[in-house]
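Shared between the two complexes below is chain A, which pairs with chain B and chain C, respectively.
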Partner chain A sequence: MTVLDDLLLFTALASVAIIALRRFASISKFSVVVYALATVLLIKMSALGYGGEPVYSSFTVNVLGQILQWRFDALSWFFALITLVSALLAAFFMSGAWGEKYCKEHSKEAYGLLQVALILNVLSMLVLLASGDLLSLFIGWELVSWASFMMMALNPDKLARKAAIKYIVYAMAGAMAFLMAIAMTYNMTGSLDYVQVMQGMAHLSNSQIALLVSLYVMGFGIKMGVIPFHLWQAAAYAETPGAGAVFMGAISARMGLYALLVVIVQIIGLTRVAAIEIPYTFLDMQNVLAWVGALTTIIPTYIALKQNDARHLLAWHGVGQGGYMLLGVMISDSIGTAGGIMHVFNHATYQAALFMTVTAVIYRTGTSNFSKLGGLVTQMPLTFMVMVVSIIGLAGIPPMNGFVSKWLIYRALLLDGQPLLFVAAVIGTLGTILSVYKLVHNTFLGQLRLEHQEVREAPLSMLIPMLGLAIIIFATGVMPGVVLDWVAAAQIAVGIAPVEHNLGGIELVQGGLDMIWVTGIMFYGFAVGAIIFYVLGGKSKHIHQYDNYAGGHFLTSKVRYHYSNHFYAGLMHMIGGWYRNVFIKLEHALVSLVSFMSQFSENFYRSSQPVMLVAVVVVLALYFVLGSSGGAEVSAGVSLGGFNQ
Partner chain B sequence: MNSTSEFVTSEFVTGNVSLADVLPQMILMPLIAFVSGLLMILMYRKIAARLQRRVGPPFFQPVYDIVKLYGKKTQISHGLIHDIGIVVAVGGYVAAVILLPIPGMDGIADKGGIITLSYVLMVPSLGLALGVGQCANPNGSIGISRALTAMLAYDIPFIIVVFGVATHYQSTSLVGMINYQQTHQWGIFEMPLLAAAGLFTLQGMMGKHPFEIYVAPAEIATGPMVEMSGKYMGGLFVMQSFQFYVASVLYASLFLGGGSNWFEFLLKIFFVVEIPIFISFLFPRYRTEDMVRIMWKWPVMIALIGIAFVM
Partner chain C sequence: MDNIVLLVVLPLLAAFLMPVVARSSEVLARTLGLSVLFISIAIILNVWNQSGQIDSQAVSIAIGGFLPPLGINFYVDQISLFFALAVPVMVLLFWPWNRSTSIREYSLMMLLTASASGLILSGDLFNIYVFYELLAIASYSLVAIQGRAAAVAASFRYLLMGSVGSVMMLLGIAIIYTQTGTLNLAHLSLLAPEKLNNILGLGSFALILTGMGVKAELFPVNSWVPEVYGSVSSNLAALMAGLLSKLAVIVIVRLLILLFPQPEALQLMAVLGIMGVITGELVAWRAKDFVRMLSFSSIGQLGLVFLAFSIPGEMGMMAGIAIVLHHMVVKPALFMLATGWRGSLENLSGVARRSPFAVLLFIVLILSLLGIPPLPGFWAKYLLMVGLSSQDGSIYTLGMFIVPVAMIIEIAYLFRLVMIMYRKEGDEAAVNNPDIKVAPQSHSKWGLAIAASVAAMLIAIVLQLQPASDKLVSLASQLSDRNQYISTVFPQIHTVRMQSIK
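Moving on to the complex of A and B:
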């Protein structure tokens, strides 16, 4: 029994236990203990994160001469750590007041199902991350898809159900592409084992590789929600019940990136991908994938800017940040990939924290609609603080962790000489800044509504995981070296040169980054600012929110005096026309095409006109029988004609 | 053009810096920035006055203004975030000026480099935005939504310029860039198009005419300043002086070879800041969306052509 056996077996048994105990009140405490113990088992394997040897599971299955096996390497460990810690915090988050309210609003059964969905997601993700060959990867992939579907379908709301169905249709399309790619890989290389496939890939032609890469990327891209498959994700994650959305938003879609790292980067290799030229353009396949990443940063981010619901805004940013990860990985040097992989960790931390803050606001006020919120900072100061820390991380501004991973990506694009990709990445970041300010302003700043004057701070069971995440976001921003150690080990695992780093960041002769100093200087600056403000300035008087300048009006609680509707009016006046819903129209067109074809074939099969059916069969039979000879006659006639001339 | 650029390295990158060495710099650099910034504000007002055939304010007017604002009896606070917003707005610029190398003081500049500096420069805007947000005045919020839109407008060409310069020098280290320019040739001669686009961007960054609609000092009721009184306004005044200084020093470091001595340095930064000042009194204002349009059109186009030359 290896530690990996212990971990997988423990999680599987825990799933069974949670399914059995789901109606009991103590299930929430029990699940927290489960995730904590699983995390301890994972930490036992922490040598992996510092370049240790892969841990194999002693459990193997022999199918048709293929050995299915499971193992953990540094990359799996890195992703598993994020998964388990997200699950632990999400479980803690819902164990207290939130869970009680959920039970009251829905039912005990529904809450138990949420716990079941969470543990099944964790189990299936661990199985996926542990996969040691393409077939076990596919098994894990399918498990994750259905577990996610279960989580999303828990919300009985009509919109949520629709989003969940949409998700599963997309996921199945992706799975089919993935399965086809696996079948073709087996056909071409004769194996499904990673090492043997890797050796077999060397003998394939560029066109074969191009086909495989397209199919694999389609499969993984759908899970990641990259352009043009981005439409399913935001609604599905946003409508998942609060604590579930915390977990899903943090890690679920990143499984696509994991599979992409394993298959495209490790097995096929980016040099092979870069060797594929796209005809009639200057681009190669790697550039195309990098551009897919860049467009995924821009388009969903600017869709997020238009959202009027906090959960949807965050979920759209989740899609957009996935683009940075793909972009970073596709730069293919050690700094860029490090940025891409590190962003998975950073994104998980701030996205989980943000979903928690928004869930806490919903818990207290019952809504996440921007036009029904405002001014909550005085009522929920700690929640506000967590949100500010997280949005600074999401926007990629120092000193939070999101800045470090984005810096690595920018730096790699600079070294690589990719101006347009660099500009695209920065456009995404600037859009994020605008959008997160809208989030924090419309929820916490501005005027407090009358009905929210009794709102209190979020309960402790929700605050503890939020504050913990805020500390992680800040600490890994100041000392990115902690995470970069794991990232470097993961890079070695997928066959990329590890990034040279130290505790504070990157040392480069052509300009590096030392976050310890940068943070120190920033806080020194704030200290100077505070001295100027508090010591040199006079004493200020705190006044009521209605006591402000309103152009001669007297403000009362009857006057709605909070600017939240159509927030970036000037900008939208300029860029509003660029939102053309192209992808939505494309999706509709596809749906129409499929329904048309299904209707056509349905009519054909169900029509009770025997004469027509017989006629069709006869024509087809005649064509089948006479097809070859008829062709011969025609060609003979042609050649005869040619002879006659 | 590319032939002149070579590997720019800096001795400070790998060297360790001790706190005792840089502490004097951390105290002196913001002071220098503050005094220069006040002089720039004075220059701004004097030039405006002369163009309008007025005498203009006396030499110490910016100092009087700050003393007056900080000493006011009525200081209205809308809550803790309102206060912290002002602290962050000033503090972010204090941090930014420490990350900018000036003659004889560049111990810490290499810990961040140009990309980090560009992002530290967004911190004051975010702090101000949070502070104004808590005032619960929609006029302030509208001002912030315009200010952030303006930031989106000028930051895109600015980032393209930064990319072009960093590509040209093959470095993100400001110290390295300045050293290279002082031994070879100024950036403005090697990258004239990027320098032109940078100057255009500078106009937007300073928040002066014709791109000042979001500050709207003449119609204070409709801008971010609507709820700012006393030391809050004073903090923004201090911030503005830093803003002038940072923009001009950054431009001088990227294109004019920084300064090898103090005289040269001060001459350059005052010259740089003078150009946008002259331009600002010749044009009326642009609306926010027109600012976006003009910023995404001309400087972006010029800078992209400039990048094509340095690649």
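Moving on to the complex of A and C:
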């Protein structure tokens, strides 16, 4: 029994236990303990995170001449760490007051199912991360897809159901592309084992690689929600019940990136991808993928800007940030991939924290609709603080961790000589800053609404994981070296030179980054500012929340004022014309096409002349076989002569 | 071993004796059928136990001691023995217990059993035709005997198609006979490379394929399927979709292997298979009631089967057998669930709260049908995809793109239905909506038990993947082994041949 066996077996048994115990009230405490223990088991393997040898599972299955095996390497360990910690925090988050309210609003059964969905998600992700060959990767992939579907389908709302169906159709399309790619890989290389496939890939022609890469990327890209497959994700994640959304927003969509790192980066290799020229253009396939990443940062982020619901805004951001990761990985030097992989961690931390804050707001106010919120800063100051820390991370501003990974990506783009991609990434960041401001402004700033005057701070069981995440966001921002250690080990695992780093950041001849210095100087600046304001400056006046003004008019406190409707009107006036719903129309067109073809086929099955049909079929079948075997006629004559021997 | 013949003889006798016996004793007549089925099962299990070597070496049984090619023979290998076992077992499972069934229906069921066993065991073309016709007649009558007007209309349509198909098949057999002068499969197989490897051979294959295709739900000649399945009892639909279509497929595949080595034959099957998959799934997408949805999905699955068997080589054979066996257990189980869920899909709104267990079973079954790993359906689909991508022909490439599209359509309509079942407001809507008059019927315990045991079986296979895959490999290699067939029926020829090669 290796530690990996222990971990997988433990999680599997825990799933069974949680399924069995789902109706008991103590299930929430139980599940927290489960995730904590699983995390401990994972930490036992922490040598992986610092360049240790892969841990193999002693369990293998020999099926159809294919050996399925499972193992953990540094990359799997890194993703598993994020998975388990976000599950732990999500379970903690829902174990207290939130869970009780959920039981009351829905039912005990529904709450139990949410716990079941969470553990099944964790289990399936661990199975995916542990996969040691393409077939077990596919099995894990499908398990993750269906576990996510279960989580999404728990919300009984019509909108959520629709989103879940849409998700599963997209996911199936991705899985089918993946399966096709696997089948082709098997026939081209004669194996599905990672090492043997890697060796086999060397003998393939560029056109074969191009076909494989497009199928694999389509399969993984659908899961990541990259352009043009971005339509499913936001609605599906946003409508997932609160604590579930925390987990899914943090890590579920990243499974696509994991598979991409394993298959495209590790097995096929980016040099092979870069060698594929796209005809009639000056681009190669790697550029195309990088541009897909860049567009994914831009388009969903600007769609997020238009959302009027905090959950949807965050979920659209999740899609957009996935673009950064793809972009970073596709730069293919050690800094860029480090940025891409590190962004998975950073994104998970602040996305989970943001979903938690929004869920806490929903818990207290019952809504996440921007038009019905505002001014909550006085009532929920700690939640506000967590949200501020997280959006600083999301926007990529120092000293939070999001800055480090984005800096790495920018740096790599500049070093690589990709000014256009750099500009695209900056445009994406601009959209991020605008929309996170919208988020925090519309929820917490402005004047408090009358109906929210009784609202209190989020309960402790929800605050603890939120604050914990805020601390992680800040700490890994100041000391990114902690995460960069793991990232470097993961880079070695996928066959890329590890990034040169120290505790404060990265070392680079052309100018590195030391976050300890950056933060120190920032806080030094703050301190100077504070001294100027509070010590040297004159009297300061405390302004009440209701004393702010708009448009030059002072409003009396009887009329509560909060500017949230038609936010960014000026900006929308400029860029509003760019929103054309092209992809939505494309999706509708596809559905119409299927519908049309379906009607067409149905007409055939309604035909009322069975005898004629058979006759026509026979004639056509004869025509087909006889027409296609032109050369056989001579031998037919001969054999007619040799009649009935 | 020789008592294999009883598998055909006993039910046939029972079929004709039943009405006579019923005049004196109704009870005796009713038990007669059941006891024959039990005896058949016992015989096969006995054979399987006695001769463990059937896995490696098939057996040919000359009827009445007359040796082939002049005498007629039964050919017993793993796959035919398996299907010969499946026939009485499935007839027993879907025996029309519950209603006050007329003795005629029992009699027809026995006829069905006899002809189905004969069809799968027969070692010559003429007997295959005879048993096929018997099977067809039994099934037309069983559909018509259901009594409903719709069933009679559907049966008539089925009869028209089936009988024209039979004529075509007979024509094909006639061509083969004029070409070779024999109807024994092993003998034909010996002669095929020189006598049937030509345009006439291909023509006869096309004729036989369309003829038998009627039963096998082959693409253009399957337009009877939705109406028949929609108008008969779920038991009969399960039997027809699960068993009879598969028997026809296996016979076609056997003929294909033994008699028709031409690539054009395979291509024809591939094209029809692809058309079956895509049209079946597309129409199922629009289906408004559950049974109709299942019928079209069945057409789609049979399309997959034909596509799989059209792939030359062992991979295709394995994929085909895997899909056949999988569909053979899953589709009847789904039809059993359909007993409680007849009528419009909207009727099923919120059904998950009334019968959560049935819905859970339904989800497990459709997940396997869709090919979600690690359920058995996935391995079948995986083999199919690997097989398709190993071929160069443009038809196979097309198939490789069509199959995923069909699966995506399939998941869309199946999970749309699951969502309807889990609808929250379902109960209220059912009360308020005047269009919904019929309250959903409940499932019979028996039907649920069948569905549950099929689901359990699927999960058991997942736990025993390794032995299951080994078994599949051995089934496929035996089914595709032409030389074994010939040498089993003519041991002397085999040795002569071997010597001549040396």
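Criterion: the second predicted complex is superposed on the first by the 593 of 645 C-alpha atoms of A that agree within 3 Å, B and C clash if a C-alpha of one lies under 4 Å from a C-alpha of the other, contacts with A are read in each partner's own complex, and residues count from 1 in each chain.
The rule we apply is simple: a residue touches a chain if its C-beta (ideal position, glycine included) is under 8 Å from a C-beta of that chain, and two chains touch if they have at least 3 such contacts.
This is a predicted model, so every value here is computed, not measured.
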Identify the partner contact of A:V61: answer first if only chain B is touched, second if only chain C is, both if each is, neither if none is. second
Quick check on the superposed pair: does A:Y102 touch chain B, chain C, both, or neither? Answer first, second, both or neither. neither
Which partner does A:G417 reach: the first (chain B), the second (chain C), both, or neither? first
Partner chain in contact with A:W77 - chain B first, chain C second, else both or neither: neither
Where does A:F474 make contact in the superposed view: on chain B (first), on chain C (second), on both, or on neither? neither
Does the superposition put A:F92 against chain B (first), chain C (second), both, or neither? neither
Using the touch definition from the top, say if A:Y258 reaches chain B (first), chain C (second), both or neither. neither
Touching partner for A:M180 - first (chain B), second (chain C), both, neither: second
In the superposed view, which residues of chain A touch chain B and also chain C? none
Tell me, which parts of chain B touch chain A in their complex? 7-10, 13-14, 17, 26, 30, 70-81, 83, 86-96, 98-99, 108, 110-116, 119-120, 122-123, 126, 129-130, 133-139, 141-142, 144-146, 148-149, 151-152, 155-156, 159-160, 163-164, 166-167, 170-173, 176, 221, 226-227, 230-232, 234-235, 238, 287-289, 292-293, 304, 307, 311
Considering only the defined contacts, which chain C positions touch chain A in the complex? 157, 160-161, 164-165, 168, 178-181, 194-195, 197-200, 202-203, 205-207, 209-210, 214, 220-221, 223-224, 226, 262, 264-265, 267-268, 271-272, 278-279, 282-283, 285-286, 296, 318, 367, 370, 372-374, 378-379, 381-383, 385-386, 388-390, 400-401, 404-405, 407-409, 411-412, 415-416, 419, 422-424, 465-466, 469, 472-473
Of all residues in chain A, which touch chain C in the complex? 61-64, 135, 138-139, 142-143, 146, 153, 156, 161, 164-165, 168-169, 172-173, 176-177, 179-180, 182-184, 186-187, 594-595, 597-602, 604-607, 610-611, 613-618, 621-622, 624-626, 628-629, 632-633, 635-636, 638-640, 642-645
Help me check something: in the complex, which residues belonging to chain A touch chain B? 375, 377-378, 381, 384, 388, 392, 395-398, 403, 407, 410-411, 414, 417, 419, 422-423, 426-427, 430-431, 433-434, 437, 440-441, 444-448, 507-514, 517-518, 521-522, 524-530, 532-534, 536-543, 545, 548-551, 561-563, 567-571, 573-575
